[in-house]
Amino acid sequence: MEIKATEQPSRVRAFRGIVTPMVTPLRDRDSLDVAGLERLVEHILGGGVHGLFVLGTTGEAPSLGYRLRRELIERTCRLVGGRVPVLVGVTDTAFVESVSLARYAAEAGAEAAVLAPPYYFPAGQAELLEYLRHLVSALPLPVFLYNMPSHTKLDFEPDTVRAAAELPGVVGLKDSSANMIYFHRLQTLFRDRPDFSLLTGPEELLGETLLLGGHGGVAGGSNLLPRLYVDLYEAACRRDLNAVGAYHERIMAISNGIYSVGRYKSSYLKGLKCSLACLGICSDFLAEPFHRFRAEEHAIIRTHLAELGLL
Amino acid sequence: MEIKATEQPSRVRAFRGIVTPMVTPLRDRDSLDVAGLERLVEHILGGGVHGLFVLGTTGEAPSLGYRLRRELIERTCRLVGGRVPVLVGVTDTAFVESVSLARYAAEAGAEAAVLAPPYYFPAGQAELLEYLRHLVSALPLPVFLYNMPSHTKLDFEPDTVRAAAELPGVVGLKDSSANMIYFHRLQTLFRDRPDFSLLTGPEELLGETLLLGGHGGVAGGSNLLPRLYVDLYEAACRRDLNAVGAYHERIMAISNGIYSVGRYKSSYLKGLKCSLACLGICSDFLAEPFHRFRAEEHAIIRTHLAELGLL
Amino acid sequence: MEIKATEQPSRVRAFRGIVTPMVTPLRDRDSLDVAGLERLVEHILGGGVHGLFVLGTTGEAPSLGYRLRRELIERTCRLVGGRVPVLVGVTDTAFVESVSLARYAAEAGAEAAVLAPPYYFPAGQAELLEYLRHLVSALPLPVFLYNMPSHTKLDFEPDTVRAAAELPGVVGLKDSSANMIYFHRLQTLFRDRPDFSLLTGPEELLGETLLLGGHGGVAGGSNLLPRLYVDLYEAACRRDLNAVGAYHERIMAISNGIYSVGRYKSSYLKGLKCSLACLGICSDFLAEPFHRFRAEEHAIIRTHLAELGLL
Amino acid sequence: MEIKATEQPSRVRAFRGIVTPMVTPLRDRDSLDVAGLERLVEHILGGGVHGLFVLGTTGEAPSLGYRLRRELIERTCRLVGGRVPVLVGVTDTAFVESVSLARYAAEAGAEAAVLAPPYYFPAGQAELLEYLRHLVSALPLPVFLYNMPSHTKLDFEPDTVRAAAELPGVVGLKDSSANMIYFHRLQTLFRDRPDFSLLTGPEELLGETLLLGGHGGVAGGSNLLPRLYVDLYEAACRRDLNAVGAYHERIMAISNGIYSVGRYKSSYLKGLKCSLACLGICSDFLAEPFHRFRAEEHAIIRTHLAELGLL
């Protein structure tokens, strides 16, 4: 029997707080670092985050085979055991694979699906909305839209989001565009819909997002320092501008340090996984087309970790 | 027992001629139009093309579920029955899915794999080359590289192609960048490698490609009018400049007519499938995120087909 | 006798506050709306802004002939009469024209030059820095760098800014990239340089810029409602988060209303000039390649102005 | 008394052949290398080219002050003395400066103006057409449109070109987009207008342009080897495919050698000027934001020139 989106529990509707887009601990390109996954889940939940998101960009989902994705979903849901809602990325260029993965996730106990646009073909906004109409009704989980134009080539334009938010089951949006004008425009459009959650992706923008009415963030750095991002969230809730500023500066130090090593745009992901390995939490293996940092970058990351007081 | 790339038959090494990037006839998003597929294969082969390429961009591969992709490979190889080599697109963001599909294709009798860069993450050229090193050695088929930056966000830069061409099993490149300077640069780099096939994607550039030493083309329009593209190829082989010019103009008329209806960048694909349906060859269903042309565009396509003398 | 940058008055060093990037009131493409200019200057200064910037993007500088640019500089400096510092845009693709305009501005009493990268050729960062080295030393005014990649195709990358800030006379940067990660990165780089002013361009980002330590903004909307932007600035100075939020929301209402009419990317500029004309302040003529809003858009702007309580 | 476009001599209407986009020999950023200019003009005309184009991209026009631009126009027209038509780039972000320069050029004896879109503001196509309507009627010379999206951010879309070609005085288009599909599309649109000249910019595309019906090219390399480009043109006129292929390969050798030194996109311009200096023709000084090649690149250019048999 299919679970209907509208019967879902309320933990992801009107969601507020910090979600960790979990890295996927890998032993090699097609097997999980199972012990690392256990340590990582406990490390993250120990920091008090409000949700866990697997198979996002930080989770390298598009680079992972489907068997592995299913194993990761099943193991993570079991490890989390309902302590926080688990969100699962179901973005795919193929409609039927998104449905299949979402069904698996629902059965495993996940509480929401996260969906970026199909990322090969250049769809128009009207086509994108029609795609959402068809797909969302076929998904057994509430859906967060995921705006990620740098990787998908395609924005969810504000009018498209507004229309999609009328579909039963669409509960919020994660914006990773790093375009705060876009984000503020969505906030204005959704002023009358406090149940529709607006979350920011880049952690460098978390401070301002929360100070100006955003509902939360999906912060990659909370794999490493979950408490820092929760602290920032809580400082923003109590309107403590000085504390928010201080946490924001620490996040910028992480960003300018750990995420800025090496030549490529993948520095963030490599720096994050390398740091987790340095701290003994999980393996730093990355699936192709990436690879882990080699000795030289590894040493620089260790220096940054030391400067941040983490070693 | 695994088939080794280097043991492959020679029909795709030093390939010359016209390859049809076959559209995928669909009854709905997850089932083939089987009768249409049979008619389409016979229609294309009847025109004398030199190869058939399934699961490319024109074949909507990224929008199709893996089960359907396998069915299409198996049916097409059986229908073709060795009359021409069948090439299979194995491009995927996940390494293991590319391997899996290529193995299936090899067993089904396909003669080559076609591989564009993984199209989600922004890999650097060094990473792309390392990815090719790992992947090509794991594929049981000769490989054509597929340069398609508009959809993958990533070019195979000339130096990367040159290095990849040293890997056993890499036999050529299809360039769909529409950048003839890039293509000519590759021709210069591969002057001493006539066994490495350089094929062009956009059919609007087929004439000049063949006149100036390119080896062939992967021409979407040869789904519709296979003989026209073969005629152009043969005219170029015999250095008949006037005939090449005339065929080129007919291709431009198709491009300006059938491929230029509607607002979106997908006009080419929709116009092509719509035309095939008008001619009774196969269904015009498109998988999400696209949809077939509706009545208004359908009527315009019919007008263009009539002007081209095809109705 | 040439005025040396280092002898300049201190009003633009360690600048804090709101700068109005003044629209250029035009009677036609080559003559000023002189009466409108007078009204506009008084309107803006009456709102308490801390500086006036002529010949920026909002001022349509690149579309104006040099004679008109000189006339505008001379008249504006005279009208302002030292009440606030006047900043003059000297961005040009030709080095010698930048120098010439800056000399004229210095003699007219302007207090700073504003300089975006030369916007035709794709210079590299090393070339850009060398250009700055040569040009800044030839300019008789302190210089604000102006990051405006959407129009110049070229960013001042953080390391370039850091190096340029060592040149005598470079006093700050206006960032119109709308990329707050870039802005925060600069803030981190310049933590030890409170004398180097970091100003934001897009007014939609003014709230967060000021809450998180930015020094001010160059806000186009302060042509229309100067007091609003000064109020936001003052609220941020006294750390009144609720007031900042309320002013930010009013700015977003302006942005979603007045700046979002019509099809083109120039909606902001046309909406702003149209609004000023509706309020009787100055002409809404725009120089080519733009033109003023026609009747239909004009009516929509009037509706938005009414909704904002401005009519 | 103003010269009317429609009274212009016919040498630029239905133009056919090779135009040299002349580099601007500079002694420093604001003075001409006068002796070099004389040698360069004679060198180019000695090769038999059909037209000379000053103040284009290759001529670094946007980087030159207006006084220098006028001096260059006057000197070049005098040196050419009517042997071939002189075309003058009048592209400018400011309407009135384009008019002013074109008037000067007409009086100096130039026979056509060349006009790219204004390159700062992101105009829409309707605005661009309106701009052309206003500007072309104010110019005293026939006009070639100049499509150069990499530098202007703005294409002349095919429908805009078709509409602009109805304006009296618009006689052709130079396409530097390197997009041959665009070029072929224009050829189809202008099949009934043999008086409207379609010229290609990138010399790497000159062979195919001429083989498939294009009217000529504006080839930077003809500063260096004018006869080569004229030879290619003449071979294409007599339909000698083998000769065209051989000349095309020589051009590709120049492109892969001389134009591919150094890290930046300006390699073409720097390599060209450096080569002219090596051959003793004119100075290699470049105006900011560029600079001439330094010793290391200079040596590489010499090696390439030797390989090409030019030293």
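Going in written order, the chains are labelled A, B, C and D, and every chain counts its residues from 1.
Here, a contact is a pair of C-beta atoms (placed from the backbone, for glycine too) under 8 Å apart; a residue touches a chain by one contact, two chains touch by 3 or more.
Values in this document were obtained by computation on a predicted structure and should not be read as measured data.
Enquirer: So which chain is farthest from chain C, going by the mean of the CA atoms in each chain?
Expert: The chain lying farthest from chain C is B.
Enquirer: Give me the rotation angle that lays the C-alpha atoms of chain B onto its copy chain D, rounded to the nearest 5 degrees.
Expert: Answer in degrees: 180, to the nearest 5.
Enquirer: Taking each chain's centre as the mean position of its Cα atoms, how many Å separate chain C from chain D?
Expert: 35
Enquirer: Hey, how far is the Cα centre of chain A from the one of chain D, in Å?
Expert: Once rounded, the distance between the two centres reads 50 Å.
Enquirer: Examine which chains touch each other and state the graph shape they make (line, ring, star, complete, other).
Expert: Per interface graph, the chains form a ring.
Enquirer: Identify every two-chain combination in which the chains touch.
Expert: A-B, A-C, B-D, C-D
Enquirer: Chain B touches which residues of chain A in the complex?
Expert: Touch residues, chain A against chain B: 29-30, 57, 60, 62-68, 93-97, 100, 117-124, 127-128, 130-131, 134-135, 150-153, 263-266, 287-291.
Enquirer: Across the complex, what residues on chain C touch chain A?
Expert: 178-181, 184-185, 187-188, 202, 204-205, 207-208, 211-213, 239, 241, 245, 248-249, 252-253, 255-256
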